[in-house]
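Below you'll find the structures, each written out as structure tokens.
In the two complexes below, chain A is the common chain; its partner is chain B in one and chain C in the other.
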Partner chain A sequence: MKKLFVPMAVVAAAMFAYAPFMILNAPYESTMGLVQKIFYFHAACGMAMFAAAFVSGIGSAAFLFGRKPSADRMAVAGAELTSIIGLIVLVTGPLWARKAWGVWWQWDARLTSTLVMWMIFNAYLLLRRYGGPGSDRLAAAVALFGMANVPFVYWSVNVWRTLHPKTSVIPSLQPGMRGPFWFCVAAFLLLFTVLLALRTELEKRRQQLDELYLAVEGD
Partner chain B sequence: MRAFARAVWLVTQKDLVIESRTREILLTTVFFALACVLVFAFGFVHEGRPVQDAAAGILWIAIAFSGTLALGRAFERERHGETLRALLIAPIDRPALYLGKLLGILVLLAAVEILVVPLIALMFQAPLFAHPLLMLGLLAAGTVGFAAVGTLFAAMLVFFDVVFVTLALWTFEPVMTD
Partner chain C sequence: MKLRILALTLLLAAAPAYANQQAPAKPPTAAAQDGFVPVDAPLSAKDTIPAPRLVAIAYGFIWVVVFGYVVSVRLRLSKVEREMETVTRRIGAGGRSA
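Up next is the complex of A and B:
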């Protein structure tokens, strides 16, 4: 995996450099016009955020029930990525909403549940950082709650009456929009994979360093 | 007078340096304030629209609650590190110690407000920036008042076990009545 870091990062960078041109050439949406183009990054980020939340949740479950340190490292990396990618989702969303709805924020089911999920993963990170000894297992349980939120966030637009566009928007995209959209999804998922692998490796080295410090202090 | 000001600055600087290294109080306080806003959103939003004028109350409660957390933690840190005695026997005036701690907490609360105020304005569609100077004055007066009372009580309660509860009770009452 380590050998793949650089090639994957280069491919992801090239995809992000090319993505604006694809988005520029995509057709304009009839009612929203230019402002709709933020959707290519917003929805793609949303998918990467779900992926990150799943990685963190599954890693935490494996750590809680199997006590695997490698699973814990993946859970930490996943939670940090949920926080960062989630922040992009929560910033791009209101930028679009200001033009489409006239307000920056609406307390509807999709937005509120996304915010709740984002905050759960931030709580996980705060707990890991400041919780002291033993907080890793408690945090793992928090991540499980966070992952359990993903289906609620996804289906919230279909179950409750919300202003946020429904999940049916993506399958019903115009043919000219499909290519750029899935290209952006692939770019974000690739970036997510690279960052996840890097952060997991970093966490592994940090743990090794901690163990070395402990060994030195023990002598 | 210069020695007094220098002592105040040293105490503040000490707290800010510790905070800049750990960022513990800032991150937990901002997160707590956000959690307050979220909880209020469930109560004060009907059919996607916030109740009129709810934002002001939400803002002050978010500041007061998160401020109480910051106050408690600022002194808890001294107790945990067993540095409170060192501060007390330092050859500086006690008022300088109080002012130094107060300034440190004010900087933290200001950082929280810089994030929380625009966020509440956006999320509750509240015209908080309609009169920016008035808003700034109100926030400054409210925060200084809250922190001045809170720092005093937090210092007095530092050796109590139920510091958070007692601090909340003792801090809110004088602030409300004044």
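Up next is the complex of A and C:
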């Protein structure tokens, strides 16, 4: 992974440099016009947020049942990325909604469940920071709940009445919109992988530092 | 730090009450939900809310958050590495003196 880190970061940066040109050349949507172009990064971020939540949840499960420190590092990194990417989703969505729906926010199923999921992963991070000894296992259980929330967030638009576009929007995208969208998804998933590797490395160093402190105290 | 977290918690707790009081600028409209229909040109001058500003804020926010996060992780990594060097030196010095 270390060998791949730099090339992946370079490719991600190049993709992000090129993405605005693709988005600019994509056709306008008939009812929403220019503001619909937020969709290309907003929905791609949503997918990266789901990926981050899954990484955190699966890492937490591996830590809870297998006691693997490497899984715990992955879980922490995933949770922090869910929080960061989730913040982007929760800010760009209302910017789009203000123009498309006339309101910044609606307490409908998709928006509320996304907010709840984001708060669950923030709770995880707060538990890790201030929970004291043993909080890592408690936090891992919280991350499992956060991951369990993902299918609800995804399907909410199809099950409950909501103003949010349904999941059918993606497979029905016209060719002019499909290319830029999947390009942005690939760019965000690559960025997510790079950031996950970087954040996991930070957690690894922190664990090494803790071990060094324990060695000092043991002397 | 704790004060900031407390303020953020209070803000989030107060959000639903604020949202209930807030009268929408206009009733929510039914924007495309089932599929997006492409057109060649942007919509006409019926726009009352400037879309370019919203799009610019959205994309600007994404860049700032991603860049800020990369810088934050890099700074934290440097801090941990510096601390590791200090502790390693201390262990080395302790070993020599013993």
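Definition applied: the second predicted complex is superposed on the first by the 219 of 219 C-alpha atoms of A that agree within 3 Å, B and C clash if a C-alpha of one lies under 4 Å from a C-alpha of the other, contacts with A are read in each partner's own complex, and residues count from 1 in each chain.
To be clear about the criterion, contacts are C-beta pairs under 8 Å (C-beta built on N, C-alpha and C of every residue); 3 or more make two chains touch, one makes a residue touch a chain.
Not measured: the values here are computed from a predicted model.
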| item | value |
| --- | --- |
| Touching partner for A:42 - first (chain B), second (chain C), both, neither | second |
| First, second, both or neither for A:96, with chain B first and chain C second | second |
| Partner, of chain C and chain B, that touches more residues belonging to chain A | C |
| Which superposed partner A:123 touches (first chain B, second chain C, both, neither) | first |
| First (chain B), second (chain C), both or neither touched by A:27 | second |
| First, second, both or neither for A:131, with chain B first and chain C second | neither |
| On chain A, positions contacted by chain B and by chain C | 103, 105-107, 119, 126, 163 |
| Residue numbers on chain A that touch chain C, as the complex places them | 20, 26-39, 41-42, 45, 84, 87-88, 91-92, 95-96, 98-103, 105-107, 119, 126, 157, 163-166, 168-169, 172-174, 176-177, 191, 195, 198-199, 201-202, 205-206, 208-209, 212-213, 215-216, 219 |
| Residue numbers on chain B that touch chain A, as the complex places them | 22, 24, 27-28, 31, 34-35, 38, 41-42, 45, 48, 50, 122-125 |
| Chain B partner contacts - residues on chain A that touch it in the complex | 94, 103-108, 112, 115-116, 119, 122-123, 126, 129-130, 163 |
| Residue ranges of chain C touching chain A (in the complex, touch as defined) | 5, 12, 16, 19, 24-43, 47, 49, 51-52, 54-55, 57-59, 61-62, 65-66, 69-70, 73-74, 76-77, 80-81, 83-84, 87-88, 90-91, 94, 98 |
